[in-house]
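You will see two complexes here that share chain A, one where it goes with chain B and one where it goes with chain C.
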Partner chain A sequence: MKHFSLTIRNLIRRPGRTTALILLTAFLAMSLFCGTIVVSSLRRGLNSMENRLGADIIVVPAEAESKASMKNLLLQGTIGTFYMDASALEKVRETEGVEKASAQVFLSSMKADCCSVKVQIIGFDPENDFVVQPWIAESLNHQLGDMEVVVGCRVETDVGNNFRIYDRNCKVMAKLATTGTGLDTAVYCNMNTIHVLLQAAEEKGITHKIDSGNDSEVVSAIYVRVLPGADPGLVNNRLNGHVRKATAIRTAGMMTEVADSLNGVSRTIAVLIGAVWILALIILFIVFSMMVNERRRELAVYRLLGMSRKMLSGMILMETALCSLTGALSGTALGSVLVFPFTTLIETSLKLPYLECDAGTIVLCACFAITITVLVGCAAGTRTASRLSRVDPGTTLREGA
Partner chain B sequence: MQLRAENVSRRYFRKHGEANFFEAVRQVSLILESGKLTVLNGKSGSGKTTLLNMLAGLLNPSEGKVFLDEADLYTLEDKELSRLRGEKIGVIPQGRSAVDTLSVYENILLPGMLYGGAPRTEEAENWMEVLGISGLRNAMPAELSGGELRRMAIARTLTASPGVILADEPTGDLDSDNTETVLAALQQAARAGKTVLIVSHEADAEAYADRVYHMEHGTIE
Partner chain C sequence: MKKDVFCVILLVFAAAIAIGSVTVLGPCVHEDGSEAPCTGAGRAVLCGGCVLAILAALILSIRKPSIRIVLFFIALCTAAAGTALPGTIFPLCRMDTMHCRAVMQPAMIILFVFEMIVSVCGIAFERNRIRREKA
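Take a look at the complex of A and B:
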């Protein structure tokens, strides 16, 4: 009977002990895998958001309650329907230190017969835009025409379809790459289209007018890039002083806030993983300690029959390694089932940009979780193997004879 | 195959009377010859099992040496001693000595296969038949009585056919019929050239012995 065969028999014929070890190691691997995947996805989301934002300052109506609304709009696609007078754009452009300024108009569709889905619609000016256009250019090789839209990756429609917004048909020209932010659920169109849609919304009773404006004179946000060498803080202050009824917000501050939140979440996840591991390691230690007592007699028999200490340690280690490997593989598989289908739920719960990892990173995280779990399992088993291999067979077999 | 103990002693460090240690075996010398069945009797606690464990290479003597032919057992590395024990010394210990995750048949075949040998199926079948446990072939140890477990351990040793057989109270859990069967089987092994030692506190074994030693207070008389 070869040792591997003995090991397999020992595992199969002690189903309780084997299952307990597999479950524990699966729990360890699952927590590690899910934790690393979530943290990696959050970091990827932050990077994506930084890459996509492209502006140094955002000017929004004072009523937009500044950063909170903008952050939610960018991260979660929270419907933002705030407006200010379009003349603010000229005021911004006139401000010293401003290199480029481009306006966007926001509108939300309704979850009703008039609209395909409830989404955030963003109108931008392709001529002057430096925020959305470079990103759209990755998916569309010409400028957006009237009543044409580009949709975020999570908007449920396909390229070439007609997309209905307030009973107006817009043609889907392209679908954008994933960003992990609220932009994934937005629909982009040019200024002519957005004004048609604003008018259509008005007909449905969705008002977007400001006190003294008309449809063609409103904007929701102005994205600003400062001149090279200019101090964004100083320009921000100038904008706050120069543009009435508007608030200028530095995107760096927003990014810092998001990064801080992300670090907080990462720390929490790390603490949770740590707690899970400490708990599981304590249980693992108890299980192995129990195993030492339970198997003392059995292993004394092996020694009696001629197994050396090294062979005995090897057999116990092989058992532990097989259990740990099975547990690590199942834990990682279970972790995948838990973490990937619930991406949206995780994103919504954490309120942070969340961009699912690419296949390479997922494989790396899985390998990391499996390797660490198997190593820890084997390390715990080594101590047990060492203790059990030193069993004095004569005395042990005589005890309780 | 000759097994020889030269002035072996074994002390345990525990409070015993005026001393801080207890001497279980004291300066014992003993020669076990091949083809002979030797019986070592004595009361419980006289040091018989301790001496057997030292002879089996399972317990380091505090003093003295144990030789299997020319090999000084306790100068060998664990790997060499374990292999030697596995191949040349068969021990039938007191109490349960089954591997609980293996069936009776697998337990019986186990010793000969630990170092990659072919399964001694014919011998196993024969000894199971002789010892009356053929019907328990696929049973698990947990399903066996004390007497059946004991016969399984004896069948395991006889199947492996080592040069030396050391049996510690082999008939302890057996009725008179099975006691006779087991003692006859061990005698048969001795007649076949094995070196056999039976440690017992019962008188039954003496009738089968070529030589009888009596042990008391750690010494052989």
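Take a look at the complex of A and C:
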């Protein structure tokens, strides 16, 4: 206890040196904590996207690839409005190797007086759907009725409120759980509702018909699940040959692309953290080396007063550990302030699925960052502590005189 | 100089709030020039920042610790109210991905909370000063 109070007094006596050490270790802890949290959240987002997708193949109109790719729609919620003839659904179902096929119709609301907010509206068939329905069932225990909608977690409205789309009021029945993908900003409804909305959009002068059909005969995307044991690549080729004016995209390929981008981001973050750590460690060693010369006389006096070498090195190590711990705690706190409130900004900037870590992972990451920082701080201080404890008090004090 | 450190920090954060609310930390801007739902919140935040800057300037110009405590307390209340300005008192856009929700709201709440912490530190410092002067 006596040594502890001496350590505290030593730290307070030199506020400049103490603040510099705390700031340096805080910077180390912050970079490690923020990097770990961002990479973990990206990995969680990718897993969530894999779980939510549920389909092996997506069939979209041929022009959709250039107009707004499915990847952008899924990842960033980019609004896509493309249509093809509804007869494509039957053709897909007839294709060999297809177990289930379910159609969706996309519509974009306007950022104008007629609509609450500009969102992607997705109409699906609850009877045949295997993509959205299981996910909606987590939040809603009955089937979605006409003029009822379910909204993604990022659409700011509450359950029971009315959501205005093209001057039509839709009742919000449920809010979906976070997925970390662009689908968090979408609004889901059944096919009857989407046709009413398509009609309402038409009245507002927004045309979406294809050359050969009317509102009830259009679909935007067909989600396909292949039969167990069937080769998705072969089914994909068959669909490309069988369905005219449409392109079949394998979701596995899409996921690989996303995973590759994620690995790229993870590598960049790891390199940045590495660079920050190397730089900070060099500074930390320089600071401690300077401390050896600066405190030589002070420690010689302690030795003359009867402190053993072990006690002396213990005191220096305690000083370092205290500074590192304070720095690590404040760095982690600062990292939390920088990362958690700006989740949406990070997600939109990275353009990758980003799902915030759960509390357990956050605590684990914080503990990891704090432990590593304190250990590194102590390791850097150990050399100084052993050098300073070996100081010969007589010689040192005579040199200074 | 030492006794002015908290007023200077208060002034710096207030300037960051005021300047931020009309630049990078401001409300959404519609491409067609129409007013976004969060414009009011942006203006309110700007007013909050200006009030805090004026309070900080007043504290800097006044030497008497008791008056400084009162002014720090007013700054604390203003900052506390400021945290509720974007989103609670004034509405924001209805999508989480909008600039006002993704950037303006969290940044302003953080800055106002920092202002609150600085105000509390300022009050504690001035109280200590009074105690020391009495002793």
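Following the convention adopted for this analysis, the second predicted complex is superposed on the first by the 397 of 401 C-alpha atoms of A that agree within 3 Å, B and C clash if a C-alpha of one lies under 4 Å from a C-alpha of the other, contacts with A are read in each partner's own complex, and residues count from 1 in each chain.
Everything that follows uses one rule, which is that a residue touches a chain if its C-beta (ideal position, glycine included) is under 8 Å from a C-beta of that chain, and two chains touch if they have at least 3 such contacts.
For clarity, every value in this text was computed on a predicted model and none was experimentally measured.
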Look at A:Leu345 in the shared chain and tell me whether it touches chain B only, chain C only, both, or neither; answer first, second, both or neither.
second
Partner chain(s) touched by A:Lys310 [first = chain B, second = chain C, both, neither]
first
First (chain B), second (chain C), both or neither touched by A:Arg13:
first
Applying the document's definition of touch, where does A:Tyr302 land relative to chain B and chain C: first, second, both, or neither?
first
Is chain A touched at more residues by chain B or by chain C?
B
In their shared complex, at which residues does chain C touch chain A?
30, 92-97, 101-103, 106-107, 109-110
Applying the document's contact rule, which stretches of chain A touch chain C when the two form their complex?
77, 111, 116-119, 153-157, 184-185, 337, 341-342, 344-345, 348
Help me check something: in the complex, which residues belonging to chain B touch chain A?
49-50, 52-53, 56, 58-59, 78-79, 81-83, 85-87, 91, 93-102, 106, 109-111, 113-116, 119, 140, 156
Complex contact set, residues of chain A against chain B
1-2, 6, 9-10, 13-14, 297-298, 301-311, 392-395, 397-401
